[in-house]
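Presented sequentially are two complexes of chain A, the first with chain B as partner and the second with chain C.
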Partner chain A sequence: MTDTAEEPLSFPLPLPFSASPPAAFTPLTQGAEAHVYLTSYPTTSSPAILKYRPPKLYRHPLLDRRLTRARLLAEARTLVKCRREGVDVPGVLGADWEAGWICMEVVEGGSVKAALEGWWQDVKGRKEEGSGREDEVLSDLMGRIGRAVGKLHSVGVVHGDLTTSNLMLRPAKKWNLDAAGKEERPNLEGDIVIIDFGLAMQSVQEEDKAVDLYVLERAFGSTHPWAEDMFKKVLRVYSESYKGARIVMKRLEDVRMRGRKKSMIG
Partner chain B sequence: MAQLQTFKLPHLPDHPVHIALFRDARNAEFLRQQLLDGNTEFEYAFVDAAVVLSTTQVFAAVFRAVNDMMKQRLKSRNVHSEIVHCFSGNNNIATSFRTFGITPATTSLLAIKVSSTLTTEQIQSHLQEHVQGTSLPFSDASIAELNDLSKIRKIYKLDQPAGKPGGARQGKKGKNADQSAGEGRREMEAVVLGMMALRGS
Partner chain C sequence: MISIGLEGSANKLGIGIISHPSPSKPPIILANLRHTYVSPPGEGFLPKDTAKHHRAWVVRLIKQAMRQAKLKPKDLDCICYTKGPGMGAPLQSVSVAARTIALLWGLEEKLIPVNHCVGHIEMGRTITHATNPIVLYVSGGNTQVIAYTSQRYRIFGEALDIAVGNCLDRFARTLRISNDPAPGYNIEQLAKKGRHLIDLPYAVKGMDCSFSGILARIDELAGFLAIDENDERPDRLRASPEDDVENLDGDNETTITERKGALITPADLCFSLQETIYSMLVEITERAMAHVGSSQVLIVGGVGSNERLQEMMGTMARERGGNVYATDERFCIDNGIMIAWAGLLAYEIGVKGNVAESSCTQRFRTDEVWVGWRD
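Then we have the complex of A and B:
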């Protein structure tokens, strides 16, 4: 995240966003395909995430428009479908597939990755009181992740890029204002919200779901090696979360043996 | 006095939006006829407030209509008819008008106008003169008094047996009824806005 919102944007945004000053957009992240900003939509008082896929100048304009459109719509349709079926994902507020942008709800809180790192630093920092509660707290988070991914797969959606950065931890809403002001120790409480459906597809195949789990397993192991053992819990809860999960787990073993690519193409 | 509110939407500084809400409107037939006759003095989006979910939904529809107008891809006659169409998740314009637009039986009425040339006062007095009804402030609370949630659920087909929206977030601690009702509305809104955004894709 940048703290200097005034710095010029690296490229022009399309209409209607080009009518607003750069200060109206806080850059959040940038991937190979899209730039992500925090802005307002559809009213001044409603914060929203703007994901813009700028044209790629090295592609033929016609191909570029088609690819942008297809990818943006795949993402938007998947989000709407998930939301409709009760999977916790950001809702789509607006989109323009000709111009390449989509506006989504803001997810409060931070990534599971950041939460885990903060929490681990904190736990390490106070060695003495290793109460054993830590394992329980961590295990509970793993369970919530397993359930969230299970729910996603149960509605026939495969994420395509499951990492702890694409899992958000949204703290419970604080209805009680007294508690809101208090400084809290890093914790792992909250609902799991899955974000970034840029590579998602709708699939009923065990293979695709197993690869989804495999990618998460590998990402988890390399990002949070100290918690690698805990990943079992994700899989255990996943395997009981929907009908068909067990077959996916079987398939996961095959995927582990050979790696992510089955077809050996691409 | 008709309560007309003027809004500037983010990123659309040149397109102020004027909105008034009425209940117990008695002359919907007349207003509808003005639209059918193409009377240019009645360039409003007249929306049946009974099928409106929230103020955010209204702004999302206006946003899309204005954006489509700027990109010169209106599907209907003008930005005002387009606003009505933008409430729909369905591509059929006639269906949109029938579902969300004014009908002779409409009593709860939302009047929306996008105009940078007329002043709030001018529009206000025009509505005052021609809409026979009780003016309400344009707010989520007023809309909640006038709308019919079960009708809205039906329109957007939100009543699927498997996993109703928000299913994942229920349970959890004893929230009071008001809060969970608000939660339910927000869940509906998230799906509805998505459907509105994806119309025509």
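Then we have the complex of A and C:
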């Protein structure tokens, strides 16, 4: 969550949030679907993430209402289910599916996308004095991603929009207080927390899980072309992360071949 | 430099001639001719008939284009043709024509193969002056959301089964709507009279989408259309009464079950289909914009000439503080000029091609092309 929206509160928020002054909301991002703010809920002393889906003016109002309701309910239900089953996701604090908002716990840290880009710039910048452990560090992150996605799928939840922007890297608690003040190099440490369940659904079908992986694979390749090769590690760890993962991997091969105008070589 | 482009990957045969006086100047269009093979209502265009159409028209069109441009063969620097993607037989017949004129005119070492999708993108960028947009390429054979990064047009999202234009074309066949000038155009006109939105599947998966399920559903619904307003069969499609705006006012005594919704018309189905699939396209485009952090959208391809899609995209882009760029039917719909232009861009940076090694292919991914002419 690096990019901060410049204009605060471009849409009027629904109740109860409309009762608070605009200063109570720090815009975090404007995603494709929702505006995300840092605010407090249910009390003014408990920080929370507010995700508000304003009506999409381009859509027919009927279709818009139908989609907003269905997605918000699915989002809340899958988040609650993930929490119950031990998948690392933000907890739900409250929601109103007619008004289009959901409140969640705050996840510390930044997106995997930002972490990867920052880390890569840093690595590129000091090529000659590299520690030689870059591949290992990257590979470790890939492993954690594979395990997180595997855990998600193992409880019967499909994310629907897996990208590196929707994976957060939550840094571990700082035990070493001495290090706190120092300028830190971009690193890839931390736990993977999956966010943005706006397109999520509950499914046990291999097809849905395979498409989920395919979306991630493609998003990864187009966002971080330099690390495309490393994606194999995500899949390797995934395939060993739960019973049934191997069947999903088989299905992934079919899904890959299905993209239109795919070249049939290889 | 001057190039001629030959396009014939689907049912349009296009010949275009373009001049690029210097790398820093905009190109000048000298000729842009097109002839379309139109199949009868209820039928699509078959590869062999389309190829026959292209073979019958290609000589006439090339001659006419050269006359219009007031050029002699020796004025040309290179010949560009569509290598793919597209239908096999039409692609082949046009590439044979391209090889023939290359040999006749002594340009056998200057025959440049062009990716059809890249042709659309480059033409759209040049006409609209959009510098680095997210590209939505939508046509009868392709549905892709594309962004440029490091010398490639990368595909961020695409249709996983049939293309959006194919969905529209096939539904037009179901309703036996005319294919002249284009089925999508006629659906758009009919949709303007639609008033009721029917529930259809909505299939978006991340930045990808799918249209075959929607087509199957709406084809099924089309079988339950009333013949006229006196059709009293109970299973005919009706709008749900609470959605009917006219029923909302008036006496509140009647319960919803007592009211009978209006009969659904073919126009309502066209309207519902357009609203649903264009919402999906705008949604995946918006998702790609949010992901890449871009605020410009360029719509190319035949479906891009749909004004409702352009309007919806414009609304979305403005909400994000951006703009939508679209071209009119001369450049949106397949044409020869885009092939001439994309080929010339490649030729100018030294891409080579000759008759002996020329080929065409039905499958040719947008991201296979090395885009050396961009920063």
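Definition applied: the second predicted complex is superposed on the first by the 229 of 266 C-alpha atoms of A that agree within 3 Å, B and C clash if a C-alpha of one lies under 4 Å from a C-alpha of the other, contacts with A are read in each partner's own complex, and residues count from 1 in each chain.
Here is the rule we go by: a contact is a pair of C-beta atoms (placed from the backbone, for glycine too) under 8 Å apart; a residue touches a chain by one contact, two chains touch by 3 or more.
Given the structure is predicted, the values throughout are model-derived calculations rather than measurements.
Q: Examine A:58 and indicate which partner it touches, taking first as chain B and second as chain C; both and neither are also allowed.
A: second
Q: Which partner does A:257 contact after superposing on A: first (chain B), second (chain C), both, neither?
A: In the superposition, A:257 touches no partner, neither chain B nor chain C.
Q: Could you look at A:44 and tell me whether it touches chain B, chain C, both or neither (first, second, both, neither)?
A: A:44 sits against chain B, while chain C stays out of touch.
Q: Could you look at A:80 and tell me whether it touches chain B, chain C, both or neither (first, second, both, neither)?
A: first
Q: Could you tell me if A:155 is touching chain B, chain C, both of them or neither one (first, second, both, neither)?
A: First partner only, chain B.
Q: So which positions on chain A get touched by both chain B and chain C?
A: none
Q: Help me check something: in the complex, which residues belonging to chain A touch chain B?
A: 15-17, 19-20, 24, 39-44, 46, 73, 76-77, 79-80, 83-88, 91-99, 102-103, 105, 151, 155, 172, 175, 191
Q: So in the complex, the part of chain C that touches chain A is made up of which residues?
A: Residues 85, 141-143, 147, 149-150, 154-156, 158-161, 163, 197, 199, 202, 204-208, 243, 275-276, 279, 282-283, 286-287, 289-291, 293, 311-313, 315-316, 319-320, 362-365, 368 of chain C touch chain A in their complex.
Q: In their shared complex, at which residues does chain A touch chain C?
A: 3, 29-33, 56-60, 62-63, 66-67, 160-163, 165, 199, 211, 215, 218-219, 221-223, 225, 255, 258-264
Q: State the interface residues of chain B toward chain A in the complex, per the touch definition above.
A: Against chain A, chain B makes touches at 7-14, 55-56, 59-60, 62-64, 66-67, 70-71, 73, 158, 160, 162-169, 172-173, 175, 179, 189-191, 193-195, 197-198, 201.
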